Amino acid sequence: DFLNALNEVRPAFGVSEEELESRVQGGVINYAKHIEEIFTEGKLFVQQVKNSERTRLMSVLLSGPIASGKTALAATIALGSDFPFIKLVTAEGMVGMSENARVSYVNRVFEDSYRSPLSVIVVDEIERLIDWVPIGPRFSNTLLQTLMVLFKKQPPKGHRLLILATSSERTMLSRIDMTKSFDAELAVPNVGNIEELDRVLQSVDYFADPNIRVDILQRLQGYTGTEKVNVGIAKILLIAETAKQDVDTVSCFVETLARAIPMD
Amino acid sequence: DFLNALNEVRPAFGVSEEELESRVQGGVINYAKHIEEIFTEGKLFVQQVKNSERTRLMSVLLSGPIASGKTALAATIALGSDFPFIKLVTAEGMVGMSENARVSYVNRVFEDSYRSPLSVIVVDEIERLIDWVPIGPRFSNTLLQTLMVLFKKQPPKGHRLLILATSSERTMLSRIDMTKSFDAELAVPNVGNIEELDRVLQSVDYFADPNIRVDILQRLQGYTGTEKVNVGIAKILLIAETAKQDVDTVSCFVETLARAIPMD
Amino acid sequence: DFLNALNEVRPAFGVSEEELESRVQGGVINYAKHIEEIFTEGKLFVQQVKNSERTRLMSVLLSGPIASGKTALAATIALGSDFPFIKLVTAEGMVGMSENARVSYVNRVFEDSYRSPLSVIVVDEIERLIDWVPIGPRFSNTLLQTLMVLFKKQPPKGHRLLILATSSERTMLSRIDMTKSFDAELAVPNVGNIEELDRVLQSVDYFADPNIRVDILQRLQGYTGTEKVNVGIAKILLIAETAKQDVDTVSCFVETLARAIPMD
Amino acid sequence: DFLNALNEVRPAFGVSEEELESRVQGGVINYAKHIEEIFTEGKLFVQQVKNSERTRLMSVLLSGPIASGKTALAATIALGSDFPFIKLVTAEGMVGMSENARVSYVNRVFEDSYRSPLSVIVVDEIERLIDWVPIGPRFSNTLLQTLMVLFKKQPPKGHRLLILATSSERTMLSRIDMTKSFDAELAVPNVGNIEELDRVLQSVDYFADPNIRVDILQRLQGYTGTEKVNVGIAKILLIAETAKQDVDTVSCFVETLARAIPMD
Amino acid sequence: DFLNALNEVRPAFGVSEEELESRVQGGVINYAKHIEEIFTEGKLFVQQVKNSERTRLMSVLLSGPIASGKTALAATIALGSDFPFIKLVTAEGMVGMSENARVSYVNRVFEDSYRSPLSVIVVDEIERLIDWVPIGPRFSNTLLQTLMVLFKKQPPKGHRLLILATSSERTMLSRIDMTKSFDAELAVPNVGNIEELDRVLQSVDYFADPNIRVDILQRLQGYTGTEKVNVGIAKILLIAETAKQDVDTVSCFVETLARAIPMD
Amino acid sequence: DFLNALNEVRPAFGVSEEELESRVQGGVINYAKHIEEIFTEGKLFVQQVKNSERTRLMSVLLSGPIASGKTALAATIALGSDFPFIKLVTAEGMVGMSENARVSYVNRVFEDSYRSPLSVIVVDEIERLIDWVPIGPRFSNTLLQTLMVLFKKQPPKGHRLLILATSSERTMLSRIDMTKSFDAELAVPNVGNIEELDRVLQSVDYFADPNIRVDILQRLQGYTGTEKVNVGIAKILLIAETAKQDVDTVSCFVETLARAIPMD
């Protein structure tokens, strides 16, 4: 299926697949139905850009809480397309650049993509690219306007582009009318409950033993008094690593995760 | 009639018709009475600029929701004039330019037009040209003031200019007193109801079969419980393309469109 | 009388009368008593600057709604003086200039005027000169302060200056205490009622027939249910031109004007 | 007395008395007791700076409504001192200068004064020097801070300085704590009532006849229904000049002044 | 005691004692118990910086109303230390400098101090150094942050620094959390009541006669109806100087001081 | 244990341990259970970065009131790791730098760390690094965004980085969603009560005698009427030093500390 497609390597030019692959190094755990659905829809958009007569450009927003797996999923969909041009646009690649330099940089990535017949661009963490901060609020309107224009700019004839953008600030994007700029949206939720957590922990080697997992889930519910989890998968995996350093791995994991679970 | 006039090609100098034509590539579907009325009024303004002794300049605003077809309609009216100078001013053409460069660019297009006896300039998406963002709110006042002055600046004697501007932010334009700067306004609404939607779908080849359309419209009303649609024509045509990639095109179309229909 | 005085041409140096004359090309229609009064007062100020021992400088504000005829009236008063230096300061003449360049430009016009024994400067649309926009609100404080200082700066001995400024944003000017900077004010109202409208239409050739006008006024009142009009003379004359392009000129005029009349 | 002292001319170096004298060209009318009191206090401050061991610097604020005569009174006090260095700092002298240039200019005037044993500097219209506008509000904080520091900066030993500043925005100065920076304050009110107006008109030659003045004052009270006037002396004198151009001078004066009197 | 210590002169390098001494030229009047207490605490801080193993840096804030004597007291404490490096940082020394130049200037003073084994820096009127104005409010955040960092920056080993800062805007400093940056605070109040005023006037030669003072204090209480004074010592001494110019010194002093006493 | 580990010196290259050591010169007093816990958790994070397959980057926030010991604790943890690259990023090191220079500086420290296999960076006082001031509020968004990106930027393969950041403005960090950027948090509280204060004073030589401490604590409670202290350890040690200069050390200590204890 789609996930397996990742293993098929493609001849590359102008591709920054390497960096994208580093975003899914830990692999993607199929811990809930919505994970599969996101891949199904992603595949549909890939096909539409590839085949549709009318649709030469498509922009898709993956939004969800911090650490919910947005970047990993966008990277997986991008790598799963068989497009010759795949690029990642990220704030990390622009530290220390002036606003103008950043606009040029982003613009150049898009200009490059217009020269390939089929392209995917992953635009990661829009809020960071536009220097968003809720106090004020402040942000680089120059970067924001550049993105809004590029997200709607048709590639020249014979060229096709899929844009996968991620953000954990959907409310802000909606206030600035940017959500309307996207042709489609994909929601990426947190790990929601005990059952989904169990499926995540199955993939963590030192929690492989089902008895340990039963113990963990029971103690966790003892702390929180609920079946809800609502923590990002990245956070859960990090806490598991911290716990691994402790002598009493299970206790450390349960206590730290319990503190991370939001109270209502 | 007016729509057919598009096929008559004109000798061109300084004309960027090509780009304008790309905005109506998909064609214009005559799905409601207001479409014809917009063209009738547009024709009247073209005649006034061409013939009236007193009126050497006219500025018209096409406003309506996102994806309602503003750009396509403005482009069609512009191309339907038989004016020798036709230009499109758009944010896409100015990505990465400094504010000053953009003012110069816009100013130059208008200066060029003053050299032609008869000109049309389509100023697309004013909100994007002025870097509008509702948070703050922020915008380039320099660009805004430049546009407001140019929209009222009489061409020299013996020269005539029709300005067709589009915007999906009419409320903002009205707050900044810009609507009063226009000599006339044309409203471009969404596809409003089931009946109008039916006429749109007639033009989509894989929904040509009336039975399929009856099925679609019934299932859609089943989902939404109303005859209202209120979705932009561009969005409807995009959803049709996405659905085409799916095995069950009709279901995919109905479900996706239903999600796009706003609740009251 | 004063209006006829326009026909007397004067020897000119440093005069931009030509551009000012283009602002009253359509002529001035004496459609109401206040038009004559504005000219009487204007003449008084011209005389005061020319003759009074104490008054070497006078600044007058013409304010009123958009399209009410402010620029045409200011231009007419300026041209009706027999001053050797007459200049128009307008945002159109400064498109694309930097703020500093604009301050220099305005300052130079005033410096030039100080070299002529008798000068009139028409400062058109203050709100546009200072880049005023009600959102924020924003404006160029540098331009504003320059104007406020120049409006009060005495010309050197033996030199005299009349400043005629126009604005449709009197409320704003009053909020920034600028109205107090003017030595006198003239209000320029809209065409107020059916009677005044009738006198305007008398001057439009294709509405010369009194029967046609009776028909127009009756149908208009049928639409609006009131004798009030409250539309700017420039707008009325524009609508008349649009209507002229239509087969049914009268209906088109009445309907478009009716839409332009504000509801209370 | 003090007013007469103006006639005594002093040997000057670095003095811009000429410009200051142009501010009191029309002369100062002794129309009320407070005028004399202002001069008495002004004289006291002049003496203190000249003689006091402790007081080498003194800053005085003259504040009052627009056109109340602040500049004329400050100029008169400055010219009435017998100090060898007298300078006027005014926004008119800095039109078109950058903020930095203006700071340097102001600073240089003060530096120059420190070289004279006895100096007076008239700082006219603080609100204009700092580009004050109540919308926002906005102003040049750089200019403001420069003034606040210079107003408190002691001249070097053996040098003495009197600063006379004027402003019609006392409320603003008080909000920014600038009033506290002054060592003393003098209030300059409007012409308050019929009686004071009468004494002003005595000095206007064409109202010399007492019967005319009685007529004017009666008719004015007929219009306003009150003995209050509350109009600046400069405005009253200007209206008198306008009226002089009219055939019916008295009516024109009374009507225009009546419109200028504020309603409560 | 401490006050006498001022007379002992120290060998100086890099010292700007001269300017500091000009701030206490008028001398310090020991008019209340808190004056002595301020000197006692000041002496303690001087000793701590000089002797304590742990404390190589100490920053002290002297705050109080305008004209209460903050600068004179800080200067006296600084001069009373026997530290070889004594500097005054003041806005007067930086008029006309750019923000960057001012940061460099302040930074250089501190860098210089780090080269002396024992240093005192008087940072006078923080609100003026940071261009504070309560409208907005506005201030130079760059200067503010520079001061906040320098106030906490440890000198290198073997070097010791005492910082004495003054401000009349304690509320503002507290709102920006700057008061917490200081290691200690000293409050400098106004002359509070009749009794303290009496002790101040004892030092003014022309009020030396006790009978005159009794007269003054009685008449003052007659005006104000209270024993409270609450006026800064600098203001009181200035008013005494103004009164000295008047024929009736006592009346002038009492009336002017009465106007300066705040009503509750 | 961990504290002792500080004595083991490591071979260093590119290490600024010296400056970090100056932050814990006074030593760390183990005055409460939470001090030990902070070290235990700190050690866990050091191990995770060193050993975990998945975790090549970890960012930890130490937050607490001013003077509570955040910097000393972060420095101790950093020095207690056996990582070859240890750096301190602090506002003191960047006084007078432009915003751009500061971004470059910070970025360079991180780039350097990516070249070492194992690195710790202490980012001290985030609020000062970003020029935070609560009035406005204002801050350098450029610095803030740079930090937010660098705190999440993975070092290249084979390289590992632990970030220890301190701040006394946790509320602000939470408002700008920065707390979510950290992988873990450590709270550093004030000295809470009499009992903890007693353990602090045991380490101060001149309060070594238990009877003196009993006396101090009793008198303190006499002043405050409570067992609560809630003062930062740095402040307590400073007050002890001031008291040492006084003849009556105990009284001075008790009175000054009592004033520093917050009232509820």
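Side notes on the structure shown:
Lettered A, B, C, D, E and F in written order, each chain numbered from 1.
The working rule: a contact is a pair of C-beta atoms (placed from the backbone, for glycine too) under 8 Å apart; a residue touches a chain by one contact, two chains touch by 3 or more.
All values reported here derive from a predicted model rather than from experimental measurement.
Touching subunit A and subunit E at once are the following chains: F. Annotation, subunit B versus subunit C: rotation angle of 60 degrees from the Cα superposition, expressed as a multiple of 5. Centroid analysis (C-alpha atoms only) places D farthest from subunit A. Counting every residue number used by either copy at the subunit C-subunit D contact, under half are found in both chains. Subunit F has its Cα centroid 68 Å from the Cα centroid of subunit C.
Centre-to-centre separation of subunit B and subunit D, using mean CA positions: 59 Å. Subunit A and subunit F have Cα centroids lying 34 Å from one another. Of all residues in subunit B, none touches 2 or more other chains. Taken together, the touching pairs link the chains into one ring where each has two partners.
Traversing the ring of touching chains from subunit A and stepping first to subunit F, the chains occur in the order A, F, E, D, C, B. Of all residues in subunit F, those touching subunit A in their complex are 44-45, 47-48, 51-52, 54-55, 100, 103-104, 107, 137, 139, 141-142, 144-146, 148-150, 152-154, 172, 175-177, 180, 183-184. The part of subunit E that touches subunit D in the complex is made up of residues 22, 26, 66, 91-92, 95-96, 98, 128, 131, 133-136, 138, 237-238, 241-242, 244-246.
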